[in-house]
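Order of writing sets the chain letters: A, B, C, D, E and F. Residues in each chain are counted from 1.
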Amino acid sequence: MEGVLMRGNGDLRGLEFETGVQLHAAGSCLVKLGRTHVLCSASLEEKVPGWMKGRGTGWLTAEYGMLPAATNTRSDREAARGKQQGRTVEIQRLIGRSLRQAIDLAALGERTLTVDCDVLNADGGTRCAAITGAWVAVALALKARGLEAAVVRQVAAVSAGVVEAGEGRRGVVLDLEYEEDHLAAVDCNLVAARPAGGGELLLVELQGTGEGRPFSRSEADALVDLGLAGCAALMEAQRAVLA
Amino acid sequence: MEGVLMRGNGDLRGLEFETGVQLHAAGSCLVKLGRTHVLCSASLEEKVPGWMKGRGTGWLTAEYGMLPAATNTRSDREAARGKQQGRTVEIQRLIGRSLRQAIDLAALGERTLTVDCDVLNADGGTRCAAITGAWVAVALALKARGLEAAVVRQVAAVSAGVVEAGEGRRGVVLDLEYEEDHLAAVDCNLVAARPAGGGELLLVELQGTGEGRPFSRSEADALVDLGLAGCAALMEAQRAVLA
Amino acid sequence: MEGVLMRGNGDLRGLEFETGVQLHAAGSCLVKLGRTHVLCSASLEEKVPGWMKGRGTGWLTAEYGMLPAATNTRSDREAARGKQQGRTVEIQRLIGRSLRQAIDLAALGERTLTVDCDVLNADGGTRCAAITGAWVAVALALKARGLEAAVVRQVAAVSAGVVEAGEGRRGVVLDLEYEEDHLAAVDCNLVAARPAGGGELLLVELQGTGEGRPFSRSEADALVDLGLAGCAALMEAQRAVLA
Amino acid sequence: MEGVLMRGNGDLRGLEFETGVQLHAAGSCLVKLGRTHVLCSASLEEKVPGWMKGRGTGWLTAEYGMLPAATNTRSDREAARGKQQGRTVEIQRLIGRSLRQAIDLAALGERTLTVDCDVLNADGGTRCAAITGAWVAVALALKARGLEAAVVRQVAAVSAGVVEAGEGRRGVVLDLEYEEDHLAAVDCNLVAARPAGGGELLLVELQGTGEGRPFSRSEADALVDLGLAGCAALMEAQRAVLA
Amino acid sequence: MEGVLMRGNGDLRGLEFETGVQLHAAGSCLVKLGRTHVLCSASLEEKVPGWMKGRGTGWLTAEYGMLPAATNTRSDREAARGKQQGRTVEIQRLIGRSLRQAIDLAALGERTLTVDCDVLNADGGTRCAAITGAWVAVALALKARGLEAAVVRQVAAVSAGVVEAGEGRRGVVLDLEYEEDHLAAVDCNLVAARPAGGGELLLVELQGTGEGRPFSRSEADALVDLGLAGCAALMEAQRAVLA
Amino acid sequence: MEGVLMRGNGDLRGLEFETGVQLHAAGSCLVKLGRTHVLCSASLEEKVPGWMKGRGTGWLTAEYGMLPAATNTRSDREAARGKQQGRTVEIQRLIGRSLRQAIDLAALGERTLTVDCDVLNADGGTRCAAITGAWVAVALALKARGLEAAVVRQVAAVSAGVVEAGEGRRGVVLDLEYEEDHLAAVDCNLVAARPAGGGELLLVELQGTGEGRPFSRSEADALVDLGLAGCAALMEAQRAVLA
């Protein structure tokens, strides 16, 4: 649509973080990855769920939603349907698990961080953008409350896939747009973590799916390589916005 | 929080419209009225609900939601609770009724306009800001599809109230912030319409409530006067953004 | 159906209150306003919702329903559909707000009044008849428990509208039947209150809607005038039944 | 409460039918059996459920509800809870099965009769009173539409039980009030039918439950005897009201 | 399907109990009655529902379900539909009431027994097989926990009916298969109890329904006779498996 | 519990398939992997969902459930709660995606295969056992209907993980029991496919999660190696049962 040069197979889309977008949240961040825009916030409550009381440790939970007009054809409002879709539930569980790796729950104390990720515009990779943006919101929230010591790892996520059709990029490519995601034979979401003080990039989640066909061991390796490189670049941008 | 002078009783908060915010919607508009920010979009489908088929006329429906982190204390996600609150349902019915007065449904033809209003930040007056912003989104959507002739009236909404306590404005005041709304003895939402070609300002909805005490006939008159003046100012800004 | 003379524009339909209809309720009243019949009851519990405990004041809440066979064409049973309609929710919120203006919640003490309004026959104006009848049920309930001092205001409600079509009444008319309501260009529900010891009639709720077209300031004035006169007449009948 | 003489073990409570209570229903009947009052209506639609189309026969379905204030302590509104209780579902299935034995569905043609039974006051035996009253509503509805030939059997229902405690009736007793029902060791609901043209009384449903203890074959016999006698008396009253 | 001789009118289908099938349950039993297979388990918790606390007695509750592939045509999964069917609710209430007659709730102490009955294969009579198998599971569970003294009665259930069509058994027949149940004019489920120490067979539940036509007093008698004989045989098998 | 020798890190638990367990299903299989038992069935309908009609290809969908007594402490029945858990939804989406890789949907024609996987006993690895067993049920169903040509790949699944605590196996281990799963720092589910005619083992799904800590690239490699070897062994057993 916009007259862009074709991205290289290992290139991320243009990335932007806008912070402080939600005035009441302890931390918030609108992340824009190309035409995928996700509003992330972190709210902090001075209590934990009933089943955790008295343990002295905190909790982090996440919710994900998509505004009805975020998609190409307007999608149903889940609140009106009275039910979250399976896809939504799966994504918010992934976001929660991923960000719990960023936090030392004991250092958080008996507090609950609730992360909300709402997609304003969807063009592929919304769950990965949500994780990357939510980490910024969480870090901002804990900093604002003097709890930055509870942030023990930096966490970011990216998609990769094998595209064998279409008029755009082909082969093993990073950070798929909707059109590429739709065409991809193999699709992978990768969440990475790095110790807060710096150090080796590790894996938090690795979810590869053969949507169109099964995939080989060597394809899996290529996807992980590309994904880790993408996460390293995303983390650099995260650090810049927090600096 | 921001070092503002105290507003006069008849003053609106600062108003801003940002259009084109949702890339897939036929029309969209982020309206900011002070610290109340509502993302409005209008989606256009080439069909009508089953019960309307074959009449040759269109339909407009509205949905309203609030992001969990939009409020002072994070509120529950309605999609997760599996149920929209009574307040939500009431507001989206009001938005739909109000905007149907803006449109000539026959001129729209067998199409459905779905208006989505999602509150990103709530500081009082979200339903009124939603109506004002949604009218812009609808007008943009119909213009983009060459259907501007279906827009027969301009519609805007504002709140007014009687405040008798607190450290801010007192008396009959326009465009209440959350704190004022909370303190108000009487609360009024007023939706006004003006023929697209210009002309007298008329009432579409008038909802006055004695939250703290009943109110007199003359108080009702003062609230309507202030509300109509507020709507006239909002409509000027709407026209400017569409020009 | 009944061979009635046409009502004057400012006339109420025939009004009847039958009390003591629900044997277990603290107070109950079947209100008949023409062919609109609503069974109202007030139940009194010696406790308040959790969020109100320890404040020494009481609460009043309302629920509204319509028997499936109350309407011209049988309507769905909301309990069977598993969901209350938006209209139902909106009405029961209105009834609750209106009747809370009748009660001194501090004088009620830590008790909850639950008002139930169930429409047995619907012929327009059910929400207004519900409020008028529910006030009688509440007053009876509090009297029966020696709490009449908590009734600080008399509350009644009526509809009015602008009818420009049909074979019946035309112009600004009071207390619309279903057929008139259906034809009305403008529709208004007005709830009024009067101090228990007598005094000026004030407004509690004023809800005017331009269903068919926007309406002018002077039309609004005429609707309010007619509505207040109607409420005065309803209140006279309420006092008679309680005497 | 009222200074009544104690009923004999085989006596019904005072019985009254008030017809035409719901103005829009094809047939309606408020049945009062002592302090148990049930509003029954029969609505007739000129179509059948999808799965029955084209068979040339009709259908009868039933719904049951209890107004919240019908019981000693106010009960939850099922529409507000979003779910019908198991007891409700069980009762409306029983009412539907019982009344389908009253109707020749082929003679009804492709029409649906919907029976609504709403309890205004509950003092034991509501399901039986509902069946007895609903038969009157159905007979009135079919008569009003010239379909009386479809009524092939008269149907009525009554409860009986074995009471071994309390200060009232003891032994095998007919038509239990709430207090007796609560104390009963054995509880039985019996639905009977008689050919429209007269003839032997037969059983449609026989539901005996040992609530407090199992029961013997001879107790079962005594309950059935009493129940059939009670149904014969109820049917006489049904015929009188229709005559 | 299997080359069986036709059963006699008073014959049960082949019966088998397989115990210990669910490894975590306090007691479990897979009951096979012909081609009807129901997996029954009894779970024991050391607490009672809130409304029973402090009374020193226990509780027994039951749940019933059918695997989607248990029926001839796959049926909907109730968990996916978000709602249990009326039939399910009715059956689980029957199972609970029946088994509570087997237990001395005071001897159970403040414990809750939860009975789960899940149909793996359905060929008629699933609710009766469930009761018969669940009694075995409950007896095993209480024995395993040294609470066998709480089992005060043996409980079993069977169906009987009047079949007047089809190519199989005709007349009053015991233990109906799906095909017979479908054809039956009259259908009866009978639950019987016998004191744990031996003694007369009594009735716990008797549910007779005229599905196709009303039934006579003498038909009712024949169904009860056959049902009691069937329960006696089932109880012999229950004792054998527990021995 | 049973006096078994400790398994080697690369050993599967004892595996058994029992086929033909659900009499009405086109194909069914009870898979037992140690103490994890899952009942799998495949039902075949001669139609496709509305959105697929007319394309000439079929569809496969999956549902997953757990009997309440399958777990150590009885879990809630999802049908009774009226909602499937997020975990359930996630698992059934995984099962569906995995098995669609086994089938040539075009060769299936306009038919729908519905796979049901119900856990009778849970001891870790239920989703993997479900996939492995469901493949057998699907293969049996298609064979029974003469559609074996639609089975284009063999599919099986297994778990692996990194265990660093507890008294049992330590390190990178295959096929985790509940206790091991609970202790695992890293957890991986791997679904593999092999062309029906034989050939290289490929990946269909790879889901690795750092539950306790992030994991390294080389740990990921070791988990994949172990998982693929486990799947090869499971496939051998699948082929044996179908032979």
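In the analysis below, a contact is a pair of C-beta atoms (placed from the backbone, for glycine too) under 8 Å apart; a residue touches a chain by one contact, two chains touch by 3 or more.
Worth saying up front: this structure is predicted, and the values here are computed from it rather than measured.
Under the touch definition stated at the top, chain C and chain D share no contacting partner at all. Centroid distances built from C-alpha atoms place B farthest away from chain E. Distance from the centre of chain C peaks at F, each centre being the average of the chain's Cα atoms. Centre-to-centre separation between chain A and chain C, using Cα means, comes to 51 Å.
With each centre defined as the average position of its C-alpha atoms, the distance from chain B to chain E rounds to 59 Å. Those residues of chain D in touch with two or more other chains are numbered 82-83. Under the stated contact rule, the graph of chain-to-chain touches is a ring, a single cycle where every chain has exactly two partners. The cyclic arrangement of chains, taken from chain B and going next to chain C, is B, C, D, E, F, A. In the complex of the two chains, the chain A residues touching chain B come out as 21-25, 28, 35, 39, 41, 43, 45, 63, 65, 67-74, 77-80, 82-84, 88, 114, 116, 118, 120-123. Taken together, the chain F residues at the contact with chain A in this complex read 86-87, 89-90, 92-93, 97, 101, 153, 192-193, 200, 202-211, 213-217, 220, 224, 228.
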